[in-house]
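Shared between the two complexes below is subunit A, which has subunit B as its partner in the first and subunit C in the second.
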Partner chain A sequence: MKRSKTLRILSVVGLLIIGLIVLLPFFWMISVSLKPATEPFAIPARLWPESPTLANYASAFRPEFRTYFLNSMIVSGASVVITVSLALFAAYSFTRGQLFALSFMLGAVVLAQMFPHAAIIIPIYKMMRSWDLLNSYTSLILSYVSITLPVAIWMLRGFLVKLPVSLEEAAAVDGASPMRVFRDIVVPLARPGIISVAVYVLIITWQEFLFALSFTSTNDMRTLPVGLNDFIGQYGIRYGELMASSVMVSMPVVAVFFFLQRYFVAGLTAGAVKG
Partner chain B sequence: MTYKDRWLAWLFLAPTLVLLAVFLYYPMIGTFVESFYSTSFINPNPEFVGFEVYRKIIASREFSEVLWNSVLWTVGAVILQNILGFSTAMLLNQGLPGQGLLRALFLLPFILPGVVTAILWRFMYDPQLGLVNSLVVRLSDAENAVAWLASADTAMIAVIFTAVWKGFPFSMLIYLAALQSVDREQLEAATIDGAGPFRKLIDVIIPSVSSVILVNIVLTLILTFNYFDIIWIMTRGGPQDSTHIFPTIIYETGFGQFRFGEAATYGVFSILVLSVLVALYAIVQRTTSNRRATS
Partner chain C sequence: MATVELSGLTKTYGNYTALKGLNLSIADGEFIVLLGPSGCGKSTTMRLVAGLEEITSGEILIGGERVNERPARDRNLAMVFQNYALYPHMTVGENIGYPLKIAGIRKDERQKAVDAAAAKVEMGHLLSRRPSELSGGQRQRVALARAIVRTPRLFLMDEPLSNLDAKLRTVMRAELKHLQKELATTTIYVTHDQVEAMTLADRIVILNDAVIQQVGTPAEIYARPANTFVASFIGSPPMNLISGTLADGILTHAAGQLPMAGAGEVKLGVRPEDIYLCEGDDPVHFEGQVYSAELLGDCVLLNIKTDEGLLSARVPPTVQLTMGDTVKLRFDTNSLHLYDATTGNRRDS
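Right, the complex of A and B next:
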């Protein structure tokens, strides 16, 4: 018994150390974002500002920032809706369809998850250029849907295989068309899966940087990650405003994540642990 | 869906198949094609040069540096991330009070956008204003603050640490789910036999989650190898190319210098490295699922 007590103490100490490493940067980010410009950053730095202020937030929330925010909302929002719908259709076919080439196609989907984006971006860039789509929402939405679809299908398939077939069969016996079975039975039952996939797509597209950096060239089309990266140069060492912007960029995904954590964690681990 | 609803199955799959073909598989082939052409900013018309670009790149010092850096970055981050992720999962799996809250808090770096993570850590490492040096100066009586990202000796360690900070919660999450599936009876039997916590870890826990460990390691290898955001924002591959990895060199040669042929050739090399990892993933998956099926 004595040994288990020391073990508990060691565990608590371990968790405290990990917690400190994880949370200190967040604490620092918020602290600096609340620091008035007059408070110096001397070494050793003060951990919490003497007189916290929201001034950095007010000045960071300038017109460009609002444009980037709107762009990110449009691009991420559209990608979430399109990816989730397409993934739902595809995942349903993959779990219930009776096609000869199904396992081959599923293999192609799984493989596509692992494609290096940096390596395939040049042909995509050239394609977008020839279609005159560079610097448009469409180019980003098309890319984001394509890169998130494979994992989304995989996660949703994990949910759908666990649904009992008997409900669908009973409805079909009652004369419901396959389309109705899908709409009225499968979609409502798959709700937890749909939510977790939506959170996944939001997290990925909200932070996507490589495609946004390569495909957008003017300020009015930039999304938040690229805009934030531009701020590094513009703000110079005005870290207060930079950190305030960072907090504002992160807020939406952190909030969504905390509300829907349960679904997201279940979806992610179901796919990964099952393999 | 019955056999006669095959048309519906095809209809449901069609948009996905078209998107994957156009935006993932076609560009994959396109990268190979592109690598046989030479383009530059001065001469934007692609000119077929065969393996010329390959020869040039393999002979360059940059190529061996990028290859070495990629190995260092990927293997370093993956090992640390999995050790930290597994240990944290073990600590969070003992029924201590407040572990649900801790799990949610520990996931924060994972959901934090990559760009924000990179900017935050750039700032943390700042020699004058950063928290890392504040702590180093306070804890040891080091006279001079270290310019972590500006020195070729420390930049790689600094970016790896950032990647581990951001990536370990993902591994933790997967390991937590796996640990919950460990057979309780087997653990109790081991306790009755007088096995200590360390013995239980080695004899019961690790064997029963070994397949998840393997899959997780290969999966994080693939994700880390492809990760662009952190290094690009923190160091742009510098100083003196000491942190240049495949994704950053591809972006720099492609979109920084418009040498698409060279960028594509680097792309092909990164695809080759990845194919080895993907093959490894497939083998690990197959053997572990076979083992599960027979046991």
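Right, the complex of A and C next:
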């Protein structure tokens, strides 16, 4: 009894320390974003600014930022919609299909996910160039769909294998065509899975930097992660504005995650157990 | 409403044969129960009729029309699943109305049909609930209502009562029987429960090892089991089967003998209720020690230890016997069943 109590206290302390380490950078980001330009490097360093100011936010929220934000929304939004739709159909086929070849293909999907982005970016770049798609939303959406689809398929499959087949059979006997069964029965029941996959794709694509930097060349096509780079100049880094932008960039994903984390965690475990 | 004709119906999964050349004619409006132990092919038969499995060989005619290649959705059947298969994201009303929605029936007409079907199973007051908010019996009723909301050619029921508790099962059994007679829709019902089969069926089809063992009315099957499998499957407790040798008009078995015509190795079948305790100069057909005596209220179920193994006998409740008592028994010689020891088939025609 006593031992378990000490153990519990120790584990709580341990979790607090880990939590602190994880959260400190975010706290520092917010703190710096509220400091006037002269303060970030003050010695001794202050955890919290002496006189917090929103000036950094005002200057960070420039027209370019709004363009970047819009670009990110378009690219991430389209990636989410396309990946989730494709993954739904694919995962359903992998779950219910009885072809022997499907199990090989499911393995191939995993294989596709194993290559580091740095290794596939050059071929993809060449493909985009030959299709004349560089510096377009399409190039980013295509590459984002291709890098998120494998995990999305596996996550959704984890959900779909848990749906009882008899529901689909019941609908078929009730007169529903296969597409109708999919629409009326499978999709509504897979909603938690769909939400968690959507959150996953959003998180990945919203923060993606490598492809966005390589495939876009003009300011009107850049996305937020690349846009943050603007504050890192040749002769110095404008930390205040950089951090203020970072906070603004993080907000949407944090908000989405906050409201939907229940589904996201369920999705990860479902995929893990069944995978 | 339709007749069903199954001819040479066979289903194999790889090397495994789930159903071997099944032939069966079902009359219009008939209540047919497929009965057998698990793995006997009864559920496979139903799934083939429903169109949920592909037929390996053979033919299915529904209403005189060959439906082998028709997908389940075009067969116009209604099925009640063992786990009810209610759509969890729809309300009770939406569940019942789903077949009509697919058929493209207008909303107001649909509502009328849903109300009527729900009223028939006394679920009218729960239409806006979700399946998760219902008890097992209520879910069962919703599944039934979904089946009767349209007029299908055939009802298929796959062990629909097996998830209910014993008391509710009895009630639902009666309701089901009543409903089927009222609607006069041909019904194929799968179960492993012989009581359900006996009480519900117009005719019972007993399956074992992918083959039909016997087809007949409950009374026929009980009175004249076609082989030792049926004999030991129907009846509770099951029929006693005693190995013996017939010669010179006498059947000799390990624990006694009795006069009987014929010759060869046989198995003698005696139902527990056809065994009596000997009184006065009654001929003794059997002797053994009481192994257990169970008072069931209206009778005492005796298990008697003999050289043939345990025999069960149903005797009047007034009989007072305790463990170890020696008892002499006689059989009702008019109700004996004789089976060939090697083939297991009934000897008298």
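The definition used in the following text is that the second predicted complex is superposed on the first by the 262 of 275 C-alpha atoms of A that agree within 3 Å, B and C clash if a C-alpha of one lies under 4 Å from a C-alpha of the other, contacts with A are read in each partner's own complex, and residues count from 1 in each chain.
In the analysis below, a contact is a pair of C-beta atoms (placed from the backbone, for glycine too) under 8 Å apart; a residue touches a chain by one contact, two chains touch by 3 or more.
Every value quoted in this text rests on a predicted model; they were computed, and no experiment measured them.
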Clash or fit, subunit B versus subunit C on superposed subunit A
fit
Vertex subunit A, Cα centroids of subunit B and subunit C as endpoints: angle rounded to a multiple of 10 degrees is 100
More subunit A residues touched by subunit B or by subunit C?
B
So in the superposed three-chain picture, is A:90 touching just subunit B, just subunit C, both, or none of them (first/second/both/neither)?
first
For A:188, decide between first (touching subunit B), second (touching subunit C), both and neither.
second
If we overlay the two complexes on their shared chain A, which of subunit B and subunit C does A:172 touch? Say first, second, both or neither.
both
Name the contact category of A:55: first (subunit B only), second (subunit C only), both, or neither.
neither
Which of the two partners, first being subunit B and second being subunit C, lies in contact with A:180: first, second, both, or neither?
second
Partner chain(s) touched by A:74 [first = subunit B, second = subunit C, both, neither]
neither
Tell me the contact category for A:133 with respect to subunit B and subunit C: first, second, both or neither.
neither
Let me test your reading of the model: by the given contact rule, A:164 touches which partner, first (subunit B), second (subunit C), both or neither?
second
Min C-alpha distance, subunit B to subunit C, superposed, in Å, is 7
Do any residues of subunit A touch both subunit B and subunit C, and if so, which are they?
172
Enumerate the contact residues on subunit B facing subunit A in the complex.
1-3, 5-6, 8-10, 12-13, 15-17, 19-20, 22-31, 33-34, 84, 87-88, 91-92, 94, 96, 102, 104-109, 111-116, 119-124, 128-129, 131, 133-134, 137-138, 145, 165, 169, 173-174, 176-178, 181, 196-197, 211-212, 215-216, 219, 222, 225-226, 228-229, 232-233, 246-248, 250-251, 254-255, 260, 263-264, 266-268, 270-271, 274, 277-278, 281, 285, 288-289
Residues of subunit A touching subunit B in the complex
3-4, 7-8, 11-12, 14-15, 18-19, 21-26, 28-29, 32, 41, 43-45, 86-87, 89-90, 92-94, 96-99, 102, 105, 108-109, 111-112, 114-127, 142-143, 145-147, 149-150, 153, 172, 178-179, 203, 206-207, 209-210, 213-214, 224-225, 228-229, 232, 237, 239, 242-243, 246, 249-250, 253-254, 257-258, 261, 265, 268-269, 272-273, 275
Quick check on the complex: what are the subunit A residues that touch subunit C?
164, 166-167, 169-177, 180, 184-185, 188-189
Using the touch rule from the top, collect the residues of subunit C that touch subunit A in their complex.
50-52, 71-79, 81-83, 85, 87-89, 98-99, 102-103, 146, 156
